[in-house]
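Some structures are shown below for you to check.
Two complexes are shown next, each including chain A; its partner changes from chain B in the first to chain C in the second.
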Partner chain A sequence: MPEKGKIDTKQAIMLSICLILPTAMLSVPAVIIRHARQDAWISLILSIFIGLLVARLIVSLSFRFPDKTLFQYSEEILGRVPGKIVGLLYLWWVLHSNAIAIDEFASLPCVALMPDTPFVAFFIIAIVVAGYAVRNGLEVLSRYIELITPIGLGLMVSLFCLLTTKVKFERLLPVFDKGLVSIVKGAAMPSGWMGEIVLFSMFIPYLNKPREACRVAVLSILIIGIFMVSVTVGILLVFGPDVSSSWIFPVFMAIRAISIANFLERVESVVIGIWVFMGFAKIGVLYYAAVLGSAQWLGLKDYRPLVAPVGIVLLGLAFLCPNIIDLLDFLARAFPPYALIVFELGIPLILLGASLIRGRRGESS
Partner chain B sequence: MIKKTAVVLMLAVLSSLLGGCWSRKEISELAIVLGVGVDLLPNDQIRLSVQIAQPGAFYGGGGARGGGMQTASWAVSAEGKTIDEAARYLAMRVPREIYWGHSMILVIGEKMAREGIGLIGDFFNREKEPRETMWLLVAEGEARDVLECGSILEKTSAQAAAFLTRMKTGFAVELREFAEMLASKGVQPVATRVIVKEQGAVPCAAQEGVATAYRQVEVSGLAIFKEDRLVGWLDDYETRGFLWLKGETFKGIITVPSPGDAYKAVSLRLRQAQTKVVPEYDGERIRFSVKIRTEADMVEQQSFEDLAKPEKIKALESLMAEEIRAMATTALEKVQRGYGVDIFGFGDAFHRKYKEDWRRLKDRWDEEFIRAEVSVTVEAHIREIGMLTRPAFSPEE
Partner chain C sequence: MVALLILAFIAITLFEVPSLIKKKMWGELAAFSVYLLIGMALTIPQALGIRLPNPTKTIEALFRPLAELLK
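And now, the complex of A and B:
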């Protein structure tokens, strides 16, 4: 086992939240609103169900192979060579998702605050800091996340509470304006995000109470879902569907609109703070999954030597999207089928099916 | 030893980064814009005017009035094909980096507004510095005049205009709200009107050799748009009618004739108001019934009759309701018959109730709006009557 640390249930919940939420918070609402307009919250509720489905899938796989991560049991189920191929695919996907997360992480400060600073500066900072956390092991990473998640989410909720003076409830009406098709279209992208819970399978073996894995996955999806619904509804209540879908970062813009008694305003720097702290958490978790996964894929005893090389690969991959238009286009159109169908539902389903057909053999080993 | 060398090396490497401070902005190197004005010139060029704060004049609070107020700001303008191009030319005249983040108002000149705000609105939303919460005003005349005039009470005319708008005596529109109204097919946008004229007097100014009256801003009335083009104005009275129909609470006085004596007046100060717009559609005719519910305090009466009796208050309430109805109907008549644009958001109300029919009607909503029947019912209540029961100075009965 390359990792000897253990995390408790609370840490695991926050870890799963940080696996998904940080980057989903910022630009996803705009894409949903573009499709489903004021019914975006219904799309999000649909995506919660998809998330729960993926979570259920991954937990039942892990229950069949306790003490094994996704990379290990895929070899066990499918045999050595196909298992390695699946592992390689997942390795690519984790690295790519992380590169996207790094790109998103850099784009908010680059676009909104520091236009003269090149992207690569943010890339390097993100990778170096996250890499340091990853090198120190799962427990250190979890403790950082345990510290930062409640603060980040709490601050975000209180910021949205400050928006009450700008709220108009009519902006949510009429319900079902664009019909079911648009709502389903709007659900595609957040479902792809929710499905990233698939990577929780990398951490299930390290829970100190593995029996609670199901509870952890379900709870974290529900927390993420409720949070996303409230953020999206908050944006809609402030801007209405037409304006909010035209922003790149609607959450940031909504917080910019806060103005209470003419002195409590310009608080958007808090959002940047939350973004940076939570962003590190997400990059760290994905980075860790990539490093641990590649160590297991290569059959190494220790994952630490891989931290630096993986970091370099991530830095290179972060340049895949030449500008923010490509990034947003990829996230809105290519990401849902690519991530959701292949990695979040397709392969786990095949793995589960194969292990069921192979029967008890998998469990005994 | 190796560790020590590593630390020293690290420090050396890190200190090399100190030389290049990215995006460094010192406050003393910024030209802080307080208000922006945009005019269209006869040669189709856009003139961008900005009012830049002179930070020195803002130190020391209220005591530093007098000569200092003259130099609290500097108004300067430049021309270009687009806003950003004009801003580049502006940069040749302003010796500091222009910072848009504190701009409180965006003033559009009348000619620019008639040509279309869509031409220039993008800059103020796309650029990261200008905030979408700044007030949008339309100047009767040129926007530059608004930024070039002064203010006696406030340091600059931009602040004066922004604070006047914020008081909500009329209808205040933030840039984001204008964008929302523009994007929706169920409502046509409006913006606050700003006028520059000489008002008030500076006492004893003549002895000191300065002007007795200043050209200052007045924020009143509304600019009406059809899509992004200005089509006309509403005056004060009509704006208040508009506010009643729109359901925006505002600070204001309603003056009605005294119940017993039609030549004397009673003034009522508004506490709160609610407006409900209920659309009805039978497949052919669209009807809107507007239900207004409001509360007010009696603050002034001219006659000597004793109004502190339930039946008198009832009479006053119905007079008030009548007056509000008259206001709303005046505004409605002018907008519906005169301009033919739905600035009240009746289309949005219709959309909320009849979403299927809306899909069919939304592209010709303004025509439907002109034909729509609107009925206004008002329910008025009086809460407080101030510190008196019998009127002041009233003779013995």
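And now, the complex of A and C:
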């Protein structure tokens, strides 16, 4: 097995939070609010259920094949060639999602603060630092995440507490204004994001208590969901649906509005700090999944030699990504069906169905 | 820009390949080279200002009927 490290339950929860939350926090609320307006929180609750469904799927697959990751058991279930094709698809998806994450990571500082700095500077910093963490192995990466996640989330919560002076609860009324269709449409993008929990299957074999995988996946989806709901409701309570849906980075803009006694102002730099730390975590986790996945797909003994060339591929892909407006349009419209139907529900369902029909379990073969 | 990229490629190769050859990890070496070649194919044309086909646009075209629903 290429990876010998083990992570404990707490680290695994934070790892799956960092797999989804950092980029979801940044720009997803605006898209949900555009569809569902003040009912965005209902959309988010729907998307939590989708996330829980995907988590359940992945965990039942992993329970059938303990000690195996997505790339290994897809081959065992479907046979050699179809399994390799599924693995290749997932490899592409991880690399592409990571390129999108890197692009988003660079966009906030580039668009909001440092417009004269070229994107590529942020790309290279992100890839080099994340690559260093990945090369040092899963344990180093998850310890970094364990250190950073509570700080990031805690700071975010306290910043939103500072916003409470501007809250008006009427902005959430009337409830159910735009009807069910809009709410379901609004749920599409966050569901696509929650479904990225699929990649948690890359880490289940490395839990020191694999039996707790279900608890880890469910807890992390719930934490992400609660966090997203409170962020979105916070934005809505302060600005209402009209203003907040027109922003690219609603969280950033909301925090920018904090002004207490003309003294505590311009705290958005804290958001940039949180974003850099959490963004690195997300890029690192996806990077790790891509590198470990390709090593397992090819049946290699060691994944570390692949870290640097995969970084170059990521750099090229991140360059190819369109500007932030086009990217957000892609993420809002084409990404949910692409990710949800193919990678997050479709292939896992086929794998689970096939393994149930063929009655294969990891232990017997 | 291109010179910097080629320098980076050489640095990565010098950093990884000798130990791979010493340990006789030929599979890893092959995977390393394939990834490096893909990386070169993706980065060097872009550094020269050539526009490559964009995978994001292809995915968008494939999922257009569903994406229209989310307008």
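In this text, the second predicted complex is superposed on the first by the 361 of 365 C-alpha atoms of A that agree within 3 Å, B and C clash if a C-alpha of one lies under 4 Å from a C-alpha of the other, contacts with A are read in each partner's own complex, and residues count from 1 in each chain.
The working rule: contacts are C-beta pairs under 8 Å (C-beta built on N, C-alpha and C of every residue); 3 or more make two chains touch, one makes a residue touch a chain.
These numbers come from a predicted model, not from an experiment.
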{"item": "Contacts of A:Thr165 with chain B and chain C, given as first, second, both or neither", "value": "neither"}
{"item": "Touching partner for A:Asn208 - first (chain B), second (chain C), both, neither", "value": "neither"}
{"item": "Partner chain in contact with A:Asp302 - chain B first, chain C second, else both or neither", "value": "second"}
{"item": "First, second, both or neither for A:Arg256, with chain B first and chain C second", "value": "first"}
{"item": "More chain A residues in contact [chain B versus chain C]", "value": "C"}
{"item": "Which superposed partner A:Asn323 touches (first chain B, second chain C, both, neither)", "value": "neither"}
{"item": "Which of chain B and chain C A:Asp177 touches, first, second, both or neither", "value": "first"}
{"item": "Footprint overlap on chain A, where chain B in one structure and chain C in the other make contact", "value": "none"}
{"item": "Footprint of chain A on chain B - complex, ascending", "value": "22-23, 125, 128, 131-133, 166, 176, 179-180, 183-184, 348, 351-353, 355"}
{"item": "Touching residues (chain side chain C, partner chain A) in the complex", "value": "8-9, 12, 15-16, 20, 25, 27-29, 31-32, 35-36, 38-43, 46, 52, 54-57, 59-60, 62-64, 66-71"}
{"item": "Touching residues on chain A, where the partner in the complex is chain C", "value": "35, 96, 185, 188-189, 294-295, 298-302, 305-306, 308-313, 315-317, 319-322, 326-327, 330, 332-334, 336-338, 341"}
{"item": "In the complex, chain A residues that touch chain B", "value": "111-117, 121, 170, 173-174, 176-177, 239-240, 242-243, 246, 253, 256-257, 259, 262, 265"}
